[in-house]
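Labels A, B, C and D are assigned to the chains in the order they are written; within every chain, residues are numbered from 1.
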Amino acid sequence: MKKIKVGVAGYGTIGQRLADGVAMQEDMELVGIADLAPTLSLQALREKNMVGANGITYKLYLVDGADKAAFAAKDIPVAGTFEELCKEVDIMLDSAPGGVGAQNKANYYDKYGVKAVFQGGEKNAVADVFFHGYANYEKGLGADYLKLTSCNTTGLIRAVDCLDRKVGIEKVAITIIRRVADPGDYHRGLTNALQMEKAPSHQAVDLMTIMPHVDATGILVHTPVTHGHIITVLATAKDGKKITKEMALEAFQAHPRIRVVTLEEGFKGNASFFKYARDLGNRRGDMYEIGLWADSIVESGNDIMFAINIPQESVTIPETIDAIRAAMRMQETREEGTAATNRYLGIGAFKKA
Amino acid sequence: MKKIKVGVAGYGTIGQRLADGVAMQEDMELVGIADLAPTLSLQALREKNMVGANGITYKLYLVDGADKAAFAAKDIPVAGTFEELCKEVDIMLDSAPGGVGAQNKANYYDKYGVKAVFQGGEKNAVADVFFHGYANYEKGLGADYLKLTSCNTTGLIRAVDCLDRKVGIEKVAITIIRRVADPGDYHRGLTNALQMEKAPSHQAVDLMTIMPHVDATGILVHTPVTHGHIITVLATAKDGKKITKEMALEAFQAHPRIRVVTLEEGFKGNASFFKYARDLGNRRGDMYEIGLWADSIVESGNDIMFAINIPQESVTIPETIDAIRAAMRMQETREEGTAATNRYLGIGAFKKA
Amino acid sequence: MKKIKVGVAGYGTIGQRLADGVAMQEDMELVGIADLAPTLSLQALREKNMVGANGITYKLYLVDGADKAAFAAKDIPVAGTFEELCKEVDIMLDSAPGGVGAQNKANYYDKYGVKAVFQGGEKNAVADVFFHGYANYEKGLGADYLKLTSCNTTGLIRAVDCLDRKVGIEKVAITIIRRVADPGDYHRGLTNALQMEKAPSHQAVDLMTIMPHVDATGILVHTPVTHGHIITVLATAKDGKKITKEMALEAFQAHPRIRVVTLEEGFKGNASFFKYARDLGNRRGDMYEIGLWADSIVESGNDIMFAINIPQESVTIPETIDAIRAAMRMQETREEGTAATNRYLGIGAFKKA
Amino acid sequence: MKKIKVGVAGYGTIGQRLADGVAMQEDMELVGIADLAPTLSLQALREKNMVGANGITYKLYLVDGADKAAFAAKDIPVAGTFEELCKEVDIMLDSAPGGVGAQNKANYYDKYGVKAVFQGGEKNAVADVFFHGYANYEKGLGADYLKLTSCNTTGLIRAVDCLDRKVGIEKVAITIIRRVADPGDYHRGLTNALQMEKAPSHQAVDLMTIMPHVDATGILVHTPVTHGHIITVLATAKDGKKITKEMALEAFQAHPRIRVVTLEEGFKGNASFFKYARDLGNRRGDMYEIGLWADSIVESGNDIMFAINIPQESVTIPETIDAIRAAMRMQETREEGTAATNRYLGIGAFKKA
């Protein structure tokens, strides 16, 4: 089988995890990664002799404006230019800072016929399809440019789509308790404060773009923590139908990318998932699944309310891999596409245990 | 007019604010305060020669088990025993640690015919009435033992009762983003984590006790901050009636104990209220009103969603003063009772500005 | 006695406290305050009908570029322009953002013969004298332009100068555990990280400018808290002299602007001072004194080591008032100058208790 | 070569890392681990079919009082009892909660002639030798019971011993900026406060026990973060000798367990080391080396001052492995012992890069 050739533009928090994710896919080849400056992440990669996930060597290409001498000063080997990388790949995962993706598209992707999957920081207009692996896989089939939902929206849609396919959802109201920075961030932060955003939150609006039959709104509050967002969701079924706790729990437990846990097991909050992923020995202490507390599920009249945990650094990786599968028509259905991604990433294995 | 004689048991975070609140009421007399140990708060009071709010001298009585020598060592003057205080007062505001209030009742209040208002830490069974100044003032009329709702519940009920009286509410679903400690606390804390509680939260259950015609549920998440809880509320009107943003805003703006603000004014989060209260020159930097962001109000189908800010240290003070008024039949209606409290505490004055 | 006429440029965190401090001085007149935008602090002042500390009405003047309509929209009364304020005052306390003070000097202070005291954010070159009320009062006598040390440096010098005058200090090495934001700040923050600065810290360098006979160096680490910096100091006496714990303690206890406390009393950390100041009923919950833990003092060979607490929002206020006294030659000696400031601010009263 | 048989008592934060560390040593065999309850860490191990570091299967033994049914309920396989484990091993790494190690010794280690290495939570009296791999390896040779220094002390001694061997140190004064909890901890925490401990800190006292020729004192301040302690050290050489920045830097750079970094590279604070270790792909995102900022080194007269970063979860692992080597006389010198540990843990490899 010919492997799909993939590049990753931007080796930041998301980009390095995308590279790892691609490196795990046996039907894909990670041609290379691209970046602008010799960041800590690239210094770490060099310390490991450029060997990343799955024992794969990551070749580094420099984007326009990069200072080659700065890389040499840190002994980081360079394989070529971003343009050269573009010539080699079938599809680019673009996780460059917001706005740069649009430039890359204009300068290179169009020129070399490279498909691209953009991350949440890019404007919707950059893409033909606003994509989520579980909610609208079919829309991505054969598309040239796809944009992934952001981390909160990706995790939220997993849960809402899961319920929707079981009982039919017509309305959701969400409260996003957002982590404000990632571990190791110093350029943004919040100290002893909860910060409000103007409502409705963009995540609710984005959900409606992906799932237009659902009415969504919500409020977002920033909190001074780093290990995962928590979202509470109140979901209303169509036609006045009641959703019981049992119905919801059954749906969530069957979903490969939702990890149902309890307080009793020791999952006391967002940091428990991070600790658990570290203890699992997961690379970077990452988790691909969202968490869902069984103890949080409560009925509100006919509606159902529950809380999920979003591992912000890694949650979009599986759906981005799904996007490659859809765009390259590697699999024609959401079931096959997501199943392939899950198999290579080891997602859902614990469900059988 | 004969002033109602009031004592305060427990000069902790709540107790010192209750004492200040009583000291501001011109139709009440603060007979004294009682405590067990020479805490920082009592050392501060001594540094001010025992002069508290409104220029009133606070007389200190020692509860059973207090070490008199420890107070002497810090030059804190003692006026007598808790039992002596009980003999002097008409009503006691009991803000002792949870469980102690029940003992005080058994040992002294029953014996000396002293009415009492307990705080949220005490069990409901200690009181005849579970009380909220705006929601069920009439139930407290002439009662001997009342228990106040906790800080979150007090603030939440203000907002829900406010809407209920305008449009009729039948269901609420809340998300409590709880501050985990007060400024200066070292005995409890949370570091870089959001911590879940088992749902439904007790605040939702308590709301139903006070407002039995409303179906309430909710999820509580602890956050590592100290300056106020934030609660998001989704409220459903009776009979399928739609609540518009305008209707909600109008109701909230008319409520003396709700401060409607906007992000544009600079109220960016919970800490803004604290800063604002400090800048107002409020004693201890306290605020009696809950905050409500106009920018947070969004419609969800026929329902309305909004976010409120709860100043946890001071929010229950006005409703506790209301409880004195009801129990002592100082005013016969909620309108008169709350208006008297508001007038002496300076609440709502800004509404006219 | 003719009162000295004082203005305050910039009504931010420092400016509003400077205004309050001046309002407390019976030998000074607060002519007015100046600012650019209708901040939360000015909205709070308006809610109090522009009445600030000591019952004084604060008149507001607008600096160049201010949008008068924005003030009108919030009903904040305006008394005139910054230039008009400059014409009325003898001396200006300039707490405008860094760099603006130099412009104010060039545009107005020189022109109208107004003396000025700048805060730490301004460059040293803006002033004739880098000033500290206790360490070099005499240098400020009659000076036209003075610059105050920053908050950490002001508090640090208090302690080092105190020891120096008792035993003669020749060397200090400091570790600054810096609070990263003030309560209510959202524009800066740090989440779950300790952040290093390049050594030596500017505070050590600044100390040497004020106390040139002392060799100082140090390391600064930012921490995600808001209630006061903590500095550890290792001080070496001249000529190999030993400093005992008793000698240090005696010196610190005699200093009006140093509050010696113990863990046993309940001063467990930086937040305890904030809580204590709130409980004292101090305006804004502020404290003018630095804290010093008696339990932290340890001997290291002949050297002495100890820890102090710096209330960053208010610590520079007394020394800034001292600067007015020196510049205007209200008092000719540091003893008289600082004593006058202390008396009006109520500093040191607790020492006699 | 016959492998040394090692057990690990207590599979908590330290214990699981000790197990991983032993599993990496090719001249040791991890016979098994022991614990009391089916914690999250054990649930994670089970999800990985009990396969830990280096592909080794970890066999679990239950300590007295363990509820076997609770393990069965979570499908965690059990290999036997703690007593059975004791019979199989040459040496036990005891990382049970403080005080339990002494009981284990009395009940089992003495009985079965099992040597043991205790962690910092145990009292010194439990052991014959208070041990540090670099500072006093020879004292541990053939000893039956050793106790490791705590995490801060272990890292601190690395740096001080390193300097001492180069220039001769007679005095140190330290400031410990302590992280208050580990990622995933909910049972301890601190929110928006810096908390003081009574001076001198136990770490300074412990250093003097290991290095009796050094006079040490210091102050410890708790901070609300989770990713590593920072310690500033002021070190004085013997005989009035001056330590230059270059001398210190050269010594630190040559030490395998000290990672010298700069702010310019991107190591901005304690969280940068954690991020870097995650990016390296290190198991659990751990780092064995302490960090040392070249930019923090400053001269203070003849003394030298610098700041180090202590990865609290993993820093004691190498020195504990060293303790096995000393106790079992696997290597007779500190150079050989620590070199063997370093080789198997991959420590210091980056020094050659």
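The rule is simple: a contact is a pair of C-beta atoms (placed from the backbone, for glycine too) under 8 Å apart; a residue touches a chain by one contact, two chains touch by 3 or more.
Everything numeric here is computed off the predicted structure, so don't read it as measured data.
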Between A-D and A-C, more contacting C-beta pairs sit at A-D
From the C-alpha centres, identify the chain that is farthest from subunit D. B
Mean-CA-position distance for subunit D and subunit A (Å): 35
At what distance in angstrom does the C-alpha mean of subunit B lie from that of subunit A? 43
At what distance in angstrom does the C-alpha mean of subunit C lie from that of subunit A? 48
In subunit A, what residues contact two or more other chains? 183-186, 191-193, 195, 224-227, 267-269, 271
What residues of subunit C sit close enough to touch subunit D in their complex? 171, 173, 175, 177, 179, 192-196, 198-200, 215, 217-219, 221-228, 230, 232, 234, 236, 263, 267-271, 293, 295-301, 303, 305-307
Going by the contact rule set out above, which residues of subunit D touch subunit B in the complex? 180-181, 183-186, 188-193, 195, 224-226
Considering only the defined contacts, which subunit B positions touch subunit C in the complex? 16, 39-41, 43-48, 52-53, 74-75, 183-186, 191-192, 227, 265-269, 271-272, 274-276, 278-281, 283-285, 350, 353
